[in-house]
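Labels for the chains are A, B, C and D, by order of writing; each one numbers its residues from 1.
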Amino acid sequence: MPATSVGVFKIATSGPGDVSGLMSLISSGTIDPKSILAILGKTEGNGGVNDFTREYAVAALCTALAPHLNLPPHDVEQRIAFVMSGGTEGVLSPHVTVFTRRTVEARPDGRSGKRLSIGMAQTRDLLPEELGRATQITETATAVKAAMADAGISDPADVHFVQIKCPLLTSDRIAAAAARGSKTTTTSAYASMAYSLGASALGVAVALGEIAPGIRDEDVLRRYDLFSKVASTSSGIELMHNVVIVLGNSTSSASEFEIGHAVMKDAIDAAAVMAALNSVGLGTTPQSSRELVNVFAKAEASPDGSVRGFRHTMLEDTDISATRHARAAVGGLLAGLAGNGAVYVSGGAEHQGPAGGGPVAAIARLSS
Amino acid sequence: MPATSVGVFKIATSGPGDVSGLMSLISSGTIDPKSILAILGKTEGNGGVNDFTREYAVAALCTALAPHLNLPPHDVEQRIAFVMSGGTEGVLSPHVTVFTRRTVEARPDGRSGKRLSIGMAQTRDLLPEELGRATQITETATAVKAAMADAGISDPADVHFVQIKCPLLTSDRIAAAAARGSKTTTTSAYASMAYSLGASALGVAVALGEIAPGIRDEDVLRRYDLFSKVASTSSGIELMHNVVIVLGNSTSSASEFEIGHAVMKDAIDAAAVMAALNSVGLGTTPQSSRELVNVFAKAEASPDGSVRGFRHTMLEDTDISATRHARAAVGGLLAGLAGNGAVYVSGGAEHQGPAGGGPVAAIARLSS
Amino acid sequence: MPATSVGVFKIATSGPGDVSGLMSLISSGTIDPKSILAILGKTEGNGGVNDFTREYAVAALCTALAPHLNLPPHDVEQRIAFVMSGGTEGVLSPHVTVFTRRTVEARPDGRSGKRLSIGMAQTRDLLPEELGRATQITETATAVKAAMADAGISDPADVHFVQIKCPLLTSDRIAAAAARGSKTTTTSAYASMAYSLGASALGVAVALGEIAPGIRDEDVLRRYDLFSKVASTSSGIELMHNVVIVLGNSTSSASEFEIGHAVMKDAIDAAAVMAALNSVGLGTTPQSSRELVNVFAKAEASPDGSVRGFRHTMLEDTDISATRHARAAVGGLLAGLAGNGAVYVSGGAEHQGPAGGGPVAAIARLSS
Amino acid sequence: MPATSVGVFKIATSGPGDVSGLMSLISSGTIDPKSILAILGKTEGNGGVNDFTREYAVAALCTALAPHLNLPPHDVEQRIAFVMSGGTEGVLSPHVTVFTRRTVEARPDGRSGKRLSIGMAQTRDLLPEELGRATQITETATAVKAAMADAGISDPADVHFVQIKCPLLTSDRIAAAAARGSKTTTTSAYASMAYSLGASALGVAVALGEIAPGIRDEDVLRRYDLFSKVASTSSGIELMHNVVIVLGNSTSSASEFEIGHAVMKDAIDAAAVMAALNSVGLGTTPQSSRELVNVFAKAEASPDGSVRGFRHTMLEDTDISATRHARAAVGGLLAGLAGNGAVYVSGGAEHQGPAGGGPVAAIARLSS
């Protein structure tokens, strides 16, 4: 019976423009460029509005991959999902994680149980006035279900990380909506990011049954008791639709890898990080036949200004943005428990885990 | 038989000028102001040259304590050792730890074994040209031994944390040395801090037998294989001598508290943090009769630019200083393992633990 | 005929806690501490929410002045208006400007024309729900007129700089309003600053007839075509009323000083700065008998993202706040034209001058 | 008689990767891509070690220009000199200035006098141990003379701006020197920049007779009384030789443009900026037939910590680097006097103008 073979490659980078590691793996035949489905990266900018390391990294990857895919550089972005998260504060180390998928004739002998599977889907183009509102939630939920099907996953419990790339508003888009007599949820490009991120995360929660459907416009960025335990959302100016990447385990996968997750209830939730590692057989009493590939987490400064009753100063710091503080701290904890700093910690966690906390997923390689 | 009773009080602060928590404990009789020996604090500035939260906090404490000690504000600093570490990045929470000591007639019944003891001593005033050199090392070593005696500790193995406050060079001091025909180790005020911090730490290492005596001028800030596992040094412009605070365990102490330590070999050494917690009966299988009071650690960006083989970007960041990055990351790890962010993580670790690592000490309160 | 004698003293500081310059002038008899009405200062913090150099500077001044005024330190703030503006970016130099006023029997011979006069007044305590709304505008306007009378100024054209200190919302104040069934204009402490600053500036504009009365709640922070050309407002957490300081010229003043102003239409309006200097006889063809004391200006990043058609990057910078950028740039221009960096440039200019611009005032000392 | 025609085009950019403005001018035939000699740009990064906007901008320009030059992207850098200066603090606006040169048969009728001319030359590859020392000075001086000849300039008084791009040390280069038994002037990559920048500037000064030849190794970064009034140097990791661009006026040029310069003696030297503008017929009484194209200046925080006797805080700021402060302030002054923020202000001015000051050049377009 045919199966999908999903590969995961973590590659250190020496700068946002460095594609040499990926090119080496392609040259050596380890990675077939045509099998690349998605690349998640950490780049060393500030992770804010003026972080150009993300687009520089994507541009460099597109230019380098284009000849291997027989595409002009600009079209590579249509084929591969790039999610670059800026900010390698503290011990965080710049790297990319490359996900590949291809069809194999059958599972290798002895490979059993559910294994890492990846699926993708996308929504239709959204109107500016739909961003951050119920429509984006509903459309995203539909796409999440399509991506689950693409991944060969039917049980929501088998979904462990849903990475979404979603649009944001620009002054042009706001004006276009206004010209049609429609009002966008906000007139600030910056603020629109949070709305789009939050609505997309709620779409995941609805699709997976974590919350009931019927979320209203006014719940977005207000009812923080509504959240997904596996959503990780990221916005980009270059698209008007949501791209959904579902990572989970499936019997249809012949992968060497397995994924699991937990939910950090706050930024110092070491127990949750350990639970995520344990869920894939790693941690305090690790199985010797398993090895950690990467950990994926969202981090944010708790909006109430404290963590377990102790005041933090992240939200009042005019020198360092709260997202940089949060990534540095959560990165320190994850790196300590994972044993290295090349982990994926991304800032901003609207409706992604409880307020001040966030999802944490781990991928392990099994010996067979 | 008379014994010393050492108290440790961790008090959250709402700002660098906030003394209300300490004043409450004095009003309620919990703390006798005359018994205060030292106050170690974390304030919410940037921890750099222009961090005025440290001097503001000391000024506020001196003003508030002065009437209780019948001293003018300025003289309070002569009586109590204030060590303020700036920088509460990430989840770190501003607070002070107040150490008190008084003599009691005898140990309470049932209190046995070695308990937390604190001792202080100071060197003579050092000449500017002695800072960062063999003389400072030797003088500090002598003072460490005196502070051990003051703490009732004879075995170096019972010393778990040595906090030192040491001078730095200023242009006036450099000029004064030059006028005498003497050359200081550096002509940069900023650079002189590292020299003084490093030489002070080496003095601790010599006193405790961690390294052989006879360290030469040229070893300071060069031979990073020479270090102390318990030294934590901090510089201040207001003094010309080293103040030494030794924290350890002693049979002469009737304290409710116990201290232990470990050494982080790098900034993500979770095992060392657990070892420090375990050393005072806390951690994975904690004794229910014990409770963590505080953890004390030094953090630095590893000078070779990587942690366990993965590149970090702390040293090349023009936006955030490396010490802020390092405190944020190590603070995230410690807070995660300690369960709260009100921990003492101080930046800069010259000859304090191995390069990129540093000492970590823990104080626990026992039920009796 | 009795007259008022107004003094202006610009004093450089070596740090936020440095009061030595002022103390020297008091010791030497140059300044009578009882005549001090207001102190405007530039301190070297970041000018943001976590800038503690402002309160540290005020605390140090209160402690130092208290014995000279026979007041406890805390009461000094009730008697003298302290306005500390954080942020000495670029060439800006930390300093304080001390304003004194006393009654003299008559003008010295030969002193004629209108001279620098200062007047103060304050509103009643405002309710949290009144901040940023029409009530604050109206109450401020009334206080501005009272301060003009106090300064002996009847013609609004003689008013050249109105410095206001106004309250901001805190979570406690917002909750108190809510408990009474009242809604504050915003529930964000940070955002409330802009509302209070803007409404206070509009109050000045109404009082001086720069705009028509009857400004509505919804005009605040929206109708930026409404503004005052002489208002400079600053918020502080320690008060619930507006303190108004009017600076202008009056025939009732026997001062050696004169004040004038102009309006910068954007952040690079060199012509306006020259006009302000010219208005007090300084500038391109300065009168040899006159000397510049200080220049006072407000700076902000133009909200439309450009200056004279060229894009600026201040509003998108996650590393440096826009107010720091704006102070640095306007400070560079003012220092260049004034000839030194000890000028007062304060950030945030809601309804203070046109969007992206702001008022600029100059005080000159005349030879007689 | 054949003449050279030099063009200067200032083009605003919407981001570091934006090449659309240049491409439009190429499409419309306004710029012949083959005539492009050099591109000087301001990009919106932090201007520090981790400013990737510079290399991103160069990569984008190379990719866009490559097909027009029939070169692979990587070879474009060999043909065109790219000098990207990071940091658009305050009102500074991101832009590029494109310099073109081609040969024309004769000067247009009526065009007389000396006009803008541009010449380029380069040194041989330098050894790592030659950087920052007398050899680099001497080799640079030789290249400056060659570039003058290339520009058709014989009188040093006709040289108004010399932009140099020079190498820096890396750990590999330091190791290579050590392997040959040679010691580099510093073992810090960061510190090597200042040495190379300084030695290059001294090379300009020697070539133009501003200082006597025979500068010794130990004078670099020490004898700040030795400097060039027209040098602007910038370092790059991608080359091992110095690239020299001489801008001046020559009778051999048929250009519509003229260049002049002055020297800022400190960061607030408005008079020098006016002098530079006046030198090309602009400023207080501008000739109506002339229009400013761009101003080029170097900025630095004065090393003695003060400007005209007033303390600045740039060197002690742990939050914002001194170079960012300096660019913001000098940028504010230049933009104010030039009338727009798209001016070229670059940080770091070792031996480029007096300590704390720097050269300032202006280019004007004449009507004929």
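Please note the rule applied: a contact is a pair of C-beta atoms (placed from the backbone, for glycine too) under 8 Å apart; a residue touches a chain by one contact, two chains touch by 3 or more.
In this text, all values refer to a predicted model and were calculated from it rather than measured experimentally.
Two chain pairs, B-D and C-D, are compared here, and C-D has more C-beta pairs in contact (counted per touch definition above). Interface residue usage between chain A and chain C, two copies of one sequence, is largely shared: over half of the residue numbers at the contact are used by both copies. Centroid distances from chain C, each centroid being the mean of CA atoms, peak for A. Comparing contact pairs by residue number, the interface of A-B is reproduced by C-D among A-D, C-D or B-C, since over half of the pairs coincide.
Mean C-alpha positions place chain B and chain C at a centre distance of 42 Å. Chain centres here are Cα means. That of chain B falls 48 Å from that of chain D.
In terms of their C-alpha centroids, the spacing between chain C and chain D amounts to 40 Å. For chain D, residues touching at least two other chains, in rising order: 44, 46, 50, 313, 319, 324.
Put simply, chain B touches chain A in their complex at residues 12, 14, 44, 46, 88-95, 267-270, 273, 306-314, 319-320, 324-326, 328-333, 335-337, 339-342.
Chain C meets chain A in the complex at residues 46-51, 313, 316-319, 321, 324. Chain A contributes residues 15-17, 44-45, 50, 52-53, 55-56, 59-60, 63, 319 to its touches with chain D in the complex.
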